[in-house]
Amino acid sequence: MNVVIRNPPRAPALAADALATHGVATTHEAQGRTGLLAAYMRPIFAGARIAGTAVTVSLPPCDNWMIHVAVEQCQAGDVLVVAPTSPSDAGYFGDLLAASLMARGVRGLIIDAGVRDIRDLTAARFPVWSRAIFAQGTVKETLGSVNVPVVCAGALIHPGDVIVADDDGVCVVPRREAARTVERCVAREAKEAAVRERLKRGELGLDVYGMRERLAERGLVYRDAAPEEA
Amino acid sequence: MNVVIRNPPRAPALAADALATHGVATTHEAQGRTGLLAAYMRPIFAGARIAGTAVTVSLPPCDNWMIHVAVEQCQAGDVLVVAPTSPSDAGYFGDLLAASLMARGVRGLIIDAGVRDIRDLTAARFPVWSRAIFAQGTVKETLGSVNVPVVCAGALIHPGDVIVADDDGVCVVPRREAARTVERCVAREAKEAAVRERLKRGELGLDVYGMRERLAERGLVYRDAAPEEA
Amino acid sequence: MNVVIRNPPRAPALAADALATHGVATTHEAQGRTGLLAAYMRPIFAGARIAGTAVTVSLPPCDNWMIHVAVEQCQAGDVLVVAPTSPSDAGYFGDLLAASLMARGVRGLIIDAGVRDIRDLTAARFPVWSRAIFAQGTVKETLGSVNVPVVCAGALIHPGDVIVADDDGVCVVPRREAARTVERCVAREAKEAAVRERLKRGELGLDVYGMRERLAERGLVYRDAAPEEA
Amino acid sequence: MNVVIRNPPRAPALAADALATHGVATTHEAQGRTGLLAAYMRPIFAGARIAGTAVTVSLPPCDNWMIHVAVEQCQAGDVLVVAPTSPSDAGYFGDLLAASLMARGVRGLIIDAGVRDIRDLTAARFPVWSRAIFAQGTVKETLGSVNVPVVCAGALIHPGDVIVADDDGVCVVPRREAARTVERCVAREAKEAAVRERLKRGELGLDVYGMRERLAERGLVYRDAAPEEA
Amino acid sequence: MNVVIRNPPRAPALAADALATHGVATTHEAQGRTGLLAAYMRPIFAGARIAGTAVTVSLPPCDNWMIHVAVEQCQAGDVLVVAPTSPSDAGYFGDLLAASLMARGVRGLIIDAGVRDIRDLTAARFPVWSRAIFAQGTVKETLGSVNVPVVCAGALIHPGDVIVADDDGVCVVPRREAARTVERCVAREAKEAAVRERLKRGELGLDVYGMRERLAERGLVYRDAAPEEA
Amino acid sequence: MNVVIRNPPRAPALAADALATHGVATTHEAQGRTGLLAAYMRPIFAGARIAGTAVTVSLPPCDNWMIHVAVEQCQAGDVLVVAPTSPSDAGYFGDLLAASLMARGVRGLIIDAGVRDIRDLTAARFPVWSRAIFAQGTVKETLGSVNVPVVCAGALIHPGDVIVADDDGVCVVPRREAARTVERCVAREAKEAAVRERLKRGELGLDVYGMRERLAERGLVYRDAAPEEA
């Protein structure tokens, strides 16, 4: 059955905003090394870092009709997540749909398919993470669903989850885990900030992390290069 | 037989210039969703948008001799199109050949293979769309042909056809279709401009395109998120 | 046996500095079209061009422990080369390790795996060439070796070899060949500079390189486009 | 938290057995074109067709420890489903684990990673669908979970779901949908059997499916090849 | 415009039959190393070797309607060639369509997309060369064309051309070149048969082909392994 | 310089013969999880298992001249290893070269490129592991070297090393390590044989390997499926 779920519960906006400041790598570590979408999901331009609540779209291959349906379900602070039911590189999304999403305050698009009008999207600074850039047009013939759980680029995403995206890729945080993940990010970054300062001053990670003993236990051998190697 | 065809008929320069303003996605739609080269053809730097008349080169794998032959057949407003007869990522093209093409007023290069000297080509703003960036050198041993029909990145290209290329990829317009395609691009963009304004003001595509009735006919169901989902 | 070789002989710093000015394509040609790493090794940002002496790391898949060990073996002018013993796209390297390497004067990283914290590395202008951008964390459980010969992205690299990297990719120059390769680069560039000037003035490569006779011997045919082709 | 769920509810064995007779393509169609795993999941030998109830394993990249844990949770009629949390082609599974699974009556393995000992597995006719064949060994250092929901090759799989696999690939049927999907498979095959007989006798699909009128409405034009095309 | 061309001229059946005995590699060499489809086109089972006259289908991505239309245009001795206008791995073809083609005497299918029902097609010995095996269903919504020139897996194919396919892949021979290509295949194989006998008796290709002098001219050096290498 | 090294020292024939009985996975483990060639190296037919001493060929892309040179350097018990200096899928090798190698007692071919005449090679049971099957012809224009160290599919191979290949892929054993690796294979297989028997009788790996305690230490939790999950 094809269904549009209206007003799914969303993660708190404050949690999403906080995760945007931490970025993908930290968020992924903070929730136990889970939640990454596949490495082939790349931004169409460098430098964007966003987080927002997911509005999800499950749609057929080479058919973008349901994206038009999904726009109406979006509100300010959302990120649109589009997952075809079969792999496709077609260009489901371009500058007209972006204009519509921007009018609603949507923060970006995550699409496990192709996107086009890159020049316009870049000029408008509307960030997109996609598996392909391809101008191939799509049809509007077959229904799908909006705000159902989807698998997008290998990750399970529920409507209302937090999506974090930056130059490192895309990470999903389950809605109920968002607040706790923010806390862990803060703790992790605090710890890393101290380490970073020591490393910048030239201290070695071997000492900062106290690795030397365990390396020796495992049997790591140091030796000088033999003279004949010179 | 290896042959160089001199002075093939070319699409009108005005048509090529006009298509450059419309870009790949619009051109592709305007000619009935045909003409796209494969999505793996990517620009070496962002932001270029060109169109020009094709000078085509069919050459053996890992051998760039015929590109030197093709330069002589190029004139101002052309785009060089290079297609090996067998897949290759070798670097057939670099800054010296670019200098030669720029001296003749050639607008860019489309090559279903590798390219090198990216730093110099970028500094000179000579746009290239290629399947790979790779420094591997080629030899000059075996003949090919110039200005014969070629299959480049999955698309059939005749000499004199219009090549349109931008951040979305590359599209070919058959020579005799160029003028008609410009007309259709203009009509399409006029229509889209009006839609774009409405979408920017916040109207929904569902209403602008009048999709609601057909969605209902197909059986799309709307329902509110269940409380227990919260 | 897992071993860390201290103070391997390194190519002369002057040779590395000189090769950085010539870049990957010229270096590759100057040493007889050898030494290129696979084309999938791409820079995380455009425009960097470096050369330095290799400190090599052989490590297990999905485990970055040995990078911490390798940092201590690095000195100013080095380039860190990381090669997993089995293919992996995991993110072995991020901004903390970069801070540590920068504190020691290391010029860049070559890694046949994934890298993360792209935003920070770009802001710090620490150049990395990698096979993937991916935030997936790694563990610190299994030993590897430092400063042993490694195969990285298809190329054999010994500690102390010169690594040259720019927008075209990455090239290795054997330590004992570095000085000779510089000489050949200089000679090649001198020759190319003269050719470049002639090509920029509009002379054809066919004439500059004297190719016409050999093309005719091989049987290349020129003919005008038939009228019916118009 | 790493957890092993014991005795999850399983789809009825009769439903699994029935789906094995229908195969992947029919099952996929019968449940509305959903449930397929990615096309890169290929059998290690041709001709196997199985169905069984899923025991799922989520584990770290390059670490197969949890497969040993999962074996204990398997019973006759199960299919083991293994999904690393990050992409890996390492060889997580070989003939010893197969011996263990066969001793418990497990029907096959679905693994979004690599497998090895192909020769032995083939001789024992233990069917495996995998993304790679690769002998690379794995470690036993890091925990994962057994019988939690996993995303395997792009599909969401819960413990107890039915897995159907044959030469066409792999399809998952949600546990509660298994009985209904069997009914739909039976209905579909009955319909197809009648069509198949007519097609074998030489009737055209155009007539059997009554397509001619709709094709004409859409504007399909028939014409004879022009004489000059001869 | 979407069009079905009826009764295009076909290459002589005798030529197709002859080319089947020579196979892909010989045919490709005999026509000057041209005509190969991309290496990703693989047979669904080993050992088939066919040749026949092409009936071509150009159709939209993820839509197999036009295959049903094309069946009517097929006659005994044909090979069906299917090329989507945009890349797709969907399963456009299965056992019902195969039953229909076999009833008409079609020799096989070449499809630059996915195929399913591999088990049934293998049992029926209906040979298919495809880019993917995938069960994903397609729709029947959008028109395409039959018996127009298509680019299939990188090769230009006209209706009536000869398609040769075996375990090495797929090759196309232009209709008017078929007879001449047969002659060249026969000549080539006669020459190779004599060489093969000499090689089987232990003569070296270096002598049979008289390569030693040219190798020496090019500067090839022979030397014995140094004792210290032992 | 292009060179042919005659009579390089070879690993003992007995060691190679022994490794063939152990196969790739065991050999790879026995030498510390090293030596595997990339997973894309696949056999052209299933079921072959060979080992032999390497005769190595380094040659240019799309040029197979040096294979003819290498044949003369082969003797009974060798395996030919071919590595282009730049990636290529061209068909460097077919039935004529196979006839020549078989006449000399060569056991198989490892080629990081394409191969053709699959039908004939299969009929003759001449085993080949390659990265592609492709009929594209090559030229004979440019020299390379024979019996120099090569990087083949990511692995460093010296002439005289042992090559082991079976359905799992390809593994290289350094010449001087061959005897010791045989010993370790024997020890490993003895240990595995005992384990295999216990597993076949239904004992669990958890008990056979004594894993339960360490799993508990790491914090693995077992719990029964909740009733509401049913």
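First chain written, first letter: the chains are A, B, C, D, E and F, and each begins at residue 1.
Rule of thumb we're sticking to: contacts are C-beta pairs under 8 Å (C-beta built on N, C-alpha and C of every residue); 3 or more make two chains touch, one makes a residue touch a chain.
Owing to the predicted nature of the structure, the values given are computational and were not obtained by experimental measurement.
With centres computed as the average of Cα coordinates, no chain lies farther from subunit C than D. A centroid comparison over C-alpha atoms places B as the chain most distant from subunit F. Copies subunit E and subunit F of the same chain sequence form an interface built mainly from non-equivalent positions, shared numbers / all numbers used being under half. Subunit D and subunit F have Cα centroids lying 30 Å from one another.
A separation of 39 Å divides the Cα centre of subunit A from that of subunit F. Among the residues of subunit E, those in touch with two or more other chains are 33, 36, 39, 60, 86-87, 89, 134, 136. Remark: the chains found to touch one another pair up as A-B, A-C, A-D, A-E, B-C, B-E, B-F, C-D, C-F, D-E, D-F, E-F. Here subunit B touches subunit C in the complex through residues 1-9, 45, 65, 68-69, 71-72, 89, 91, 94-97, 99-100, 102-104, 114, 116-119, 122, 132-137, 140, 143, 147, 159, going by the rule given at the top.
Residues of subunit C touching subunit D in their complex: 60-63, 86-90, 134, 136, 139, 141-142. Contact residues on subunit D toward subunit A in their complex (touch as defined above): 33-34, 36, 38-39, 60, 85-87, 149, 151, 154-156. Listing the residues of subunit F that touch subunit D in their complex gives 23-25, 28-29, 33, 36, 39, 42, 46-47, 49, 166-169, 171, 192, 195-196, 199-202, 204-206, 209, 211, 215, 218-225, 229-230.
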